[in-house]
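What follows is chain A paired twice: with chain B in the first complex and chain C in the second.
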Partner chain A sequence: MRLRDLCVASLGAAVLAAPIVASPALAQNEQFVPLLVYRTGPYAPNGIPLADGQVDYLKLINARDGGINGVTITFEECETQYNNDRGVECYERLKGNGPTGASAFSPFSTGITYALIDRATTDQIPVLSMGYGRADASDGTVFPYVFTLPATYWGQADALIQYISAQEDGNLEGKKIALVYHDSAYGKEPITTLERLSKERGFELSLFPVAHPGLEQKATWLQIGRQLRPDWVLMWGWGVMNSTAIKEAAAVGYPMDRFVGVWWSGAEPDVEPAAAAAKGYKSGAFHAPGADSQMHKDIQELLGDDAADTFGTVLYNRGVINSAIVVEAIRTAMAKYGNKPMTGEQVRWGFENLDLTPERIEEMGMTGFLEPLKITCEDHEGGGKLMVQQWNGEAWEVASDWIEPNREPLRAAYEESAAKYAAEQGITPRDCSKVE
Partner chain B sequence: MSPRALTAWILGAPGVILIIGFLFQAIAAANSSFFFTWGYYAEVLIAGLLQGVMYSLVALGFVLIFKASGVFNFAQGSLVLFAALTMVGLMEMGLHWVLALVATTAVLVLVALAVERVVLRPLVNQPQIILFMATIGIFYFLDGFGQTLWGSDVKVLDIGIPRDPIFILPGLVEGGILINQFDLYAAATGGILVAVLAVFFQKTRIGRALRAVADDHQAALSVGIPLKVIWAVVWSVAGFVALIAGIMWGGKLGVQFTLALIALKALPVLILGGFTSIPGAIVGGLIIGAGEQVAEVFLGGFVGGAIQDWFAYMLAMLFLLFRPQGLFGEKIIERV
Partner chain C sequence: MFYREAGQFKTSYGADQAIFPILQDKLALAGIMAVALFVAPMIASTYWLETILVPFLVFSMAAIGLNILTGYCGQVSLGTGGFMACGAFFAYKLTTAFPDLHIVLVFLLSGLGTAMVGILFGIPSLRIKGFYLAVATLAAQFFLIWMFNKFGWWTNYSASGVISAPPRSVAGDLFITGPLASPIVKYLFLVVFVAVLALIAKNLVRSRIGRSWMAIRDMDIAAEIIGIRPMIAKLSAFAISSFYIGIAGALWAFVYTGSVEALAFEINRSFQVLFMIIIGGLGSILGSFLGAAFIVLLPILLNNLPSLIGVQMSVDLIGHLEFMIFGALIIFFLIVEPHGLARLWQIGKEKLRLWPFPY
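For the complex of A and B:
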C-alpha cells in the first residue's frame, strides 16, 4: 500500500471511529428517539410536514424544558420513502442507537407497522401507530408493544357515521353512503365496521376501490356522481389519490360538503391542488386545526426561524402530537424508573400507564388541540375522541364537536380480531391483572 | 393508411361501440342490478375518449424518441414531471404562464443537449439495451433533480383552463351528457400538437432528416445527416411534448412526484398503437381510454372494481395477438 493510500485509509478509519469513541461520554444522559420519515418519494408532500412536526416538538422540549426531566432528547431521521423494506432497514439501523436504544418507533405507514410488529415485540421496543396500522392492536393483551392511540380507523368509521347521522337528523334509514378507498390493506380497514353499521342503521353502503396510486378515478366518479348519486361519500385515501378524488368529485358536480375523508385525507396537500373546487370538503381529525395553542406559540418563540416552513399545517400538527405522545410516555416511565434514559421496555410501561388528563394537556399547552387519553394494559387505544374539520378554501376549520366512537362494539371487534391473530401466531394473551 | 383501412376504421369503430352497448343493454334487461342507459353509456365513452387523448400526449413523447433512435425512453415520465415542475416553479417566481412556457421550453432544450452530450454520445454503437438502461438513469436523475430544484410539495398549475362540467344534448338524454371542460381543452391541445408535429415532420428539413434517421440510421449518416444533431433535436421535441403533457396532467392532478407515473398509462397505448406511429399513439390512446373507462364502470362491479389499470394492459395484449407490431407499427421483415 502506498503511503498516500495508507494516510487516506487511516483518516477514513479515524472519522468512522470518532463517533463510536466519543459517544459514551456524550450520550450518558440522552434519550434517543428514532424518526422514520419520508421526505422524498411519492408521499413526500405528506411526509415532509409530518417529519417537521415531530422534529420541532422534540427541539421545543430540549429548548424549553432542557429535555425530559433533565434528559436531553436526541433524534435521527431515517428515510423510508414510505417503502416497507426501507422501513425495516431503518428500524434495524436505529433500534440500537443512544445509551438505551430506541425509545419507540412511529412508522407513519400501515405497511411498515405491519412489518415491524414482530420485530419490535422481540426487541421490546414500542411501536406507536397513531391513527393507522392494525386496529385490533388496540387489544394490549395480544399486542403488548403496539399502541394505536388516540383512535383507530374502525373508531373513525364509527365517528364519521355518527356525524353523518347527526346531519341527517339522526335517521340514516334508506340513505346511500359510498366509500371510495385505496385498494390496499389500509383502505379496506373501515369496511367491516361500515358494513356492520349499515345493517344496524339501515343505510345502503356502496364500495368503490381505487387502484394505487389513485391517479385515475374518472370512472369511479362517473358512477358516483352520475349513477349512484349517494347522500354522502366517505374516502379512505392517501397521497395523490385524495386531491384527484376531490377534483373528480367536483368535475361531476358532487357537493363537497357531503364528501368526508379519513384523517389521512384531510390535509393541505389534499385540498390545495384542487383549489376552489375543494371548498366545503370535510375530513375526520383527532386534533384541532390551526396554530393557536400555547404549544404553537412556544415553538414560534423558542425556535423562531428554526421552526419548519410547514408550521401549523394539519400534518405538521399531527407530527407534533406524535412526538408529544412519545415524550409523555417517556416522562411517565421516568416517574417509575427514575430520571435517566429509558429503555424500550421501560417506555412501553410508560405508554401503558399514560394518562393525559385535561390538567396535563393544559401543562403541555395543548388545551383544545387534543382530547384527554388514558392507556391501560388492555386498552392501547385510550378512548380518544374525533372531530370533523372543513376546508373553507384557505384553511381548515372546526366543523363539529368532539365525537366519541361507540366503544363497546368496537372493543368487541378488536378482541375478536386480536384473538384470531393470537391463535394464528401462537400467542398467549397476557393476563393484565398480573401485569405490574 | 390506405383508403380501405380508413373505411374499415370509420365503419368498424362505431359498430363495435354499438355492439358493446347492445350487449350491456341485454345484460341490464336480464339483471336488474346492472345499470345501463344509452345516455350514461355515451357519457362514459366520451369521458374515456377524452381521457385517452391525455394518455396519447404522454405516449407521443415515447414515439418520437423511439422513431428517431430505436430507444425506449424510460425517462419520458420524469421528463413530464420535470417540465411541469419547472413551468410551475417559474410561474411561482412571478412569470406569466406564456413566458414560463417559453423559458421552460428553453430549459428542456438544454436538458436535451445535455442528454445527447453526456449520455447518448458516449454510448453510440452500443446495444439498444444499454441505451435503454441509460434512460432509466436519466429517469431517476430528473426525478430527484427536479424535486431538489423545485421542492417536493404539491404545486398548483393553473393557466386558466375552465374546469366546470358542461351538459350536452339535455333534450335528447335525461339530465344531458356530462363533459368535463378541462378534458375538452386537453383534447383540443392534443389535436393541435399532433397537427404541429405532422407539419414539422412532413414539411421541414429537420423533420425530413428525422424521418430519414428513423427509417435507417446508416443510410441517413451516409448522406450526411448528423446523428448527434438529430438526437438533440428529437429529445428537444420530446421535451416540448412532455411539457404540454405536463401542463395538462399537472393542471388536472397538481404537479407532484406521482406525475412521473403517468408514463405507465402510456405503455398500453404504445403496445396497442405501435412504438413508431404518431397516429398509432392517438388511436391507441382513444381505444385504451374508452376501453378502460367502459370496463371499469360496466364490468368492474362483477370483479370487485379497480380494474381499469390492468384492463388497459389486457386490452393491449389482446390486440398484440393479432397485430404484434401494434395497430400502426411497422412490420419488420428481416431476411436471413
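For the complex of A and C:
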C-alpha cells in the first residue's frame, strides 16, 4: 500500500468515526418508546413477529387515539441480534431519545434484561421483562425499576404442574416428569421451582439440558423416549431448539399431547417446521391465541395493508400486549403527572400503580385476550393468570381454563432470592408503606 | 519531514533500548494518553464511554493476553473464552466471599487463578503443536464453560446461573461496579489499568523471557539447542497469557456488562479475540489495540452509519448490511496486509520517515 492510499484510508476512517452522536429532532409533545428488537440473527424467526406486534400497537394508538391523551408516541427500533453486548449498546443509544428520554425498555431476552437491571436503576428507566428475565425481580422492594408482569417462569412452572396434575386427576405421586431446557440463564430459571414442587407433590423430575443453539437433541430424546419414558415432558426452549425438539420427540414416538412447552416454546415458528408431527403439542401462554379481539379488528381497519405480515400470530400478539402494557403505564402516569411526555421515573410510577381492571381491558378491546392485572409497590408481577394452548395442526387453540399460580410459596421464594441479591449487592430494600 | 530521527543521538544503552526510541513517538504516545485521560472524559458522551470505549479497552486486554501466547510464543489457542470465564467467576467468588478485599486485588488474584488454570491446560503444548494444540485448547473452552454452568457453587447457587457484580469502589465513592458506578470513573480506571498492564506486557516481550518465547515460536528445536527450555518458555507463555485474559474476563463481567452468565464466554468469544490479533497483527502489542478497535468498534459504526448520514433503512436491512460489509472489510485487510493492521502502521511509519523525498 502506498503512502497516499494510506493517508486516504486513514482520513476516510477518521471522517466516518467522527460524528457518531446523532442529535434527534426535538419535538415537545412526544413520548419516546425504545424498541429493542432482533430481526436478524439466530432468533430472528421469533424476533420479527415480536417486533411487528410492538410497532403495530403503537401505530394503532397514534392512528386511532392520536397518541396517549394527545401526546404522540414516537419509537425507534434498535437491532440487538439477541446478543447481550449489542443489547447494552442499543440501550445506551436509545435511552436519551425524545424530549423526556426513553419510557421503558423491553429487551425480550433474559440475558439483556440481566445486563440492563443495574443501568436502568441508575438511569431511572423502568424495564418491562414480560414473562422472562429475573423471576425474583417480582419483589419490587429490591428491584424498583424492573417489572415482571404478568407472570414469571417460576409462576409458569407452577401453573404447568397444576395443569398436569389436573390431567392426572390431581395425583402426581410417582409420576415421571422430564424438563428439556436451553442450558442458559433462561432455561435454568424454572428448575428450583420444579424441584420444590417435585418434593411437595411426589413426582420424579429429570433434567435434560440442551446446549445452545439446540440443534443437537438426538441423544436427549433417545434417552427420554426409549429409556426414561416420562409421563410428561416440559420444555424451556427458544428459537430453533423448539422445532428441533418437537421433531425429535415425534421421531422417538413421544405423545405430543403430553409434551408442554413454556410460553416461549409455543408459537408458529416452533411448530410449523415440524409440520404434521407437531399436532397436539401444547404450550403455556399468558394471553389467548388468535386475532378476533376488538383490538385486532381496529389494527386491521386502521392500518390495513400497513399492518405487518405476521399479524395475529402468537408472538405478534405478545408484542402487542407488551406495547399495550407500556402504553397503559404511561397513561396511568399521566393521570398523576398531567398530559405531557413522561420521564422514565414517572413511567415507573405508572407501572407501579397500573391496574388493568376488566372494564379497562374491555375499553382496550382485549377482553378474553388478556386477564386483569394489578401492580403494587411490593408486587411487580401483578397476579397474572396463565393457560395452556394446543396446536391443532393449523392454529393454536385454547386447551385449558385460566390457571392461577399458587402465589404464596412463589412469593416467599421471590422474597428469599431477592433478599439474597440485596445482601450481595448492598441494596437496602424500599419500605413500601412510605411510598406514595 | 516531520517524522525524521536525524539528530536524535542515543548516548546510553538505556536510550538505545527505550520502548519508543524516537522523540516523535514519545510525544505521540504522551498525546494519546493525555487525550485518553483528560480530553475523552470531558467530551465523550455516556454512550461513547459505556458502549464503545469500555468494551474496547477490555477486549484490548484480552487481545494482549492471546497475543502473548499465539503471537509471541506461537501456541495457537482457542480457549480464550474459557479463560475469560475463569477470570470472571474467580473474581465473583473472591469478592462475594471476601467483600472487604480491594477490587483491584480481586482482579489481580483472579488473573493469578486463571494463570494456574492456563498452566494446567498448557501442559499438552509440551507434546503437541499447531492445529492439534488448537484442538487441545478447545477442551479448555468447553470444559471450563461446562464447569461454571454445571456447578451452582460458582454462582453462589443463583437460580439462573447468572452472576451480578456487587458494587465495589477503587477508593471512597469511586465505584467501578454496580449501579452507583459512573461511566467516567469506569473508563478512567480501565485506561489506567490497561495502560499499566500493556506497558508490563510490552516490557515482558522485550525481555529475556519474551525472546525465549519468540525463539520457540520461530523454531522450537533450534531454540532448544541454544539453551532455551521449552517447558519453562511454553508454560510461562500460557500462564502470563491466561493472567491477562483472566483479568479481561473479570473486567468484562464486572465493569462492562455488570452481570454475566457462563454462556457469554462461549466459543464465539474465543474466535472473536483470535480474529482481533490476526487482524491487528500477531506478535504486536499495538496490534492488539488495533485489532480490538477493528472488531469491537467497526460493527457499531456500521450499524450507526445509516442514521448518521441520514438514510432511512429498516433495522434488519442494516443488520444484514453490517454483516456483509464487516466480512468484506476483514477479507480486504487480510489481502492488503496479511500481517495485520500493526504491520500496516509500521509500513506507514517507514514511508513517513522518507516523505517527501522517497528514493
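The working rule: the second predicted complex is superposed on the first by the 410 of 436 C-alpha atoms of A that agree within 3 Å, B and C clash if a C-alpha of one lies under 4 Å from a C-alpha of the other, contacts with A are read in each partner's own complex, and residues count from 1 in each chain.
The criterion applied here is as follows: contacts are C-beta pairs under 8 Å (C-beta built on N, C-alpha and C of every residue); 3 or more make two chains touch, one makes a residue touch a chain.
Owing to the predicted nature of the structure, the values given are computational and were not obtained by experimental measurement.
Would you check which partner chain A:Ala291 touches, where first means chain B only, second means chain C only, and both and neither mean what they say?
neither
So which one touches more of the residues on chain A, chain B or chain C?
Of chain B and chain C, the partner in contact with more residues of chain A is C.
By the touch definition at the top of the document, which applies to A:Cys78: first (chain B), second (chain C), both, or neither?
second
For A:Ala185, using the defined touch cut-off, is the partner it touches chain B, chain C, both, or neither? Pick first, second, both or neither.
Second partner only, chain C.
Look at A:Gln425 in the shared chain and tell me whether it touches chain B only, chain C only, both, or neither; answer first, second, both or neither.
Touch status of A:Gln425: second partner only.
Contacts for A:Val210 in the overlay, against chain B (first) and chain C (second): which applies, first, second, both or neither?
first
After superposition on the shared chain, which partner residues are touched by A:Arg119: those of chain B (first), chain C (second), both, or neither?
In the superposed model, A:Arg119 contacts chain C only, not chain B.
Could you look at A:Ala275 and tell me whether it touches chain B, chain C, both or neither (first, second, both, neither)?
First partner only, chain B.
Considering only touches as defined above, state whether A:Pro42 meets chain B (first), chain C (second), both or neither.
It touches chain B, and chain C stays clear.
Find the residues of chain A that appear in the contact set with chain B and again in the contact set with chain C.
Touching chain B in the first complex and chain C in the second, residues 39-41, 44, 48, 183, 209 of chain A appear in both lists.
Going by the contact rule set out above, which residues of chain C touch chain A in the complex?
Those in contact with chain A are residues 45-48, 50-52, 55, 96, 149, 156, 159-162, 164, 166-167, 178-180, 256-261, 263-264, 266, 297, 300-301, 303-305, 307-308, 314-316, 318-320, 323, 336-337, 344, 347-348, 351-352, 355, 358.
Report the residues of chain A in contact with chain B in the complex, numbered from low to high.
Chain A reaches chain B through residues 39-42, 44-45, 48, 183, 207-211, 213, 215-216, 218-220, 222-223, 225-227, 239-240, 243-244, 247, 250-253, 269, 272-275, 277.
In their shared complex, at which residues does chain A touch chain C?
1-3, 6, 16-17, 19-22, 37, 39-41, 44, 48, 77-79, 81, 84-85, 88-89, 92-93, 96, 110-111, 114-115, 117-119, 121-122, 134-136, 183-186, 188-189, 191-192, 209, 212, 417, 420-421, 424-426
Mind pulling up the chain B residues that touch chain A in the complex?
35, 40, 43-44, 47-48, 51, 144, 147, 152-156, 158, 163, 165, 175, 178, 180, 182, 252-254, 256-258, 261-262, 265, 292-293, 296-297, 300, 304-306, 308-309
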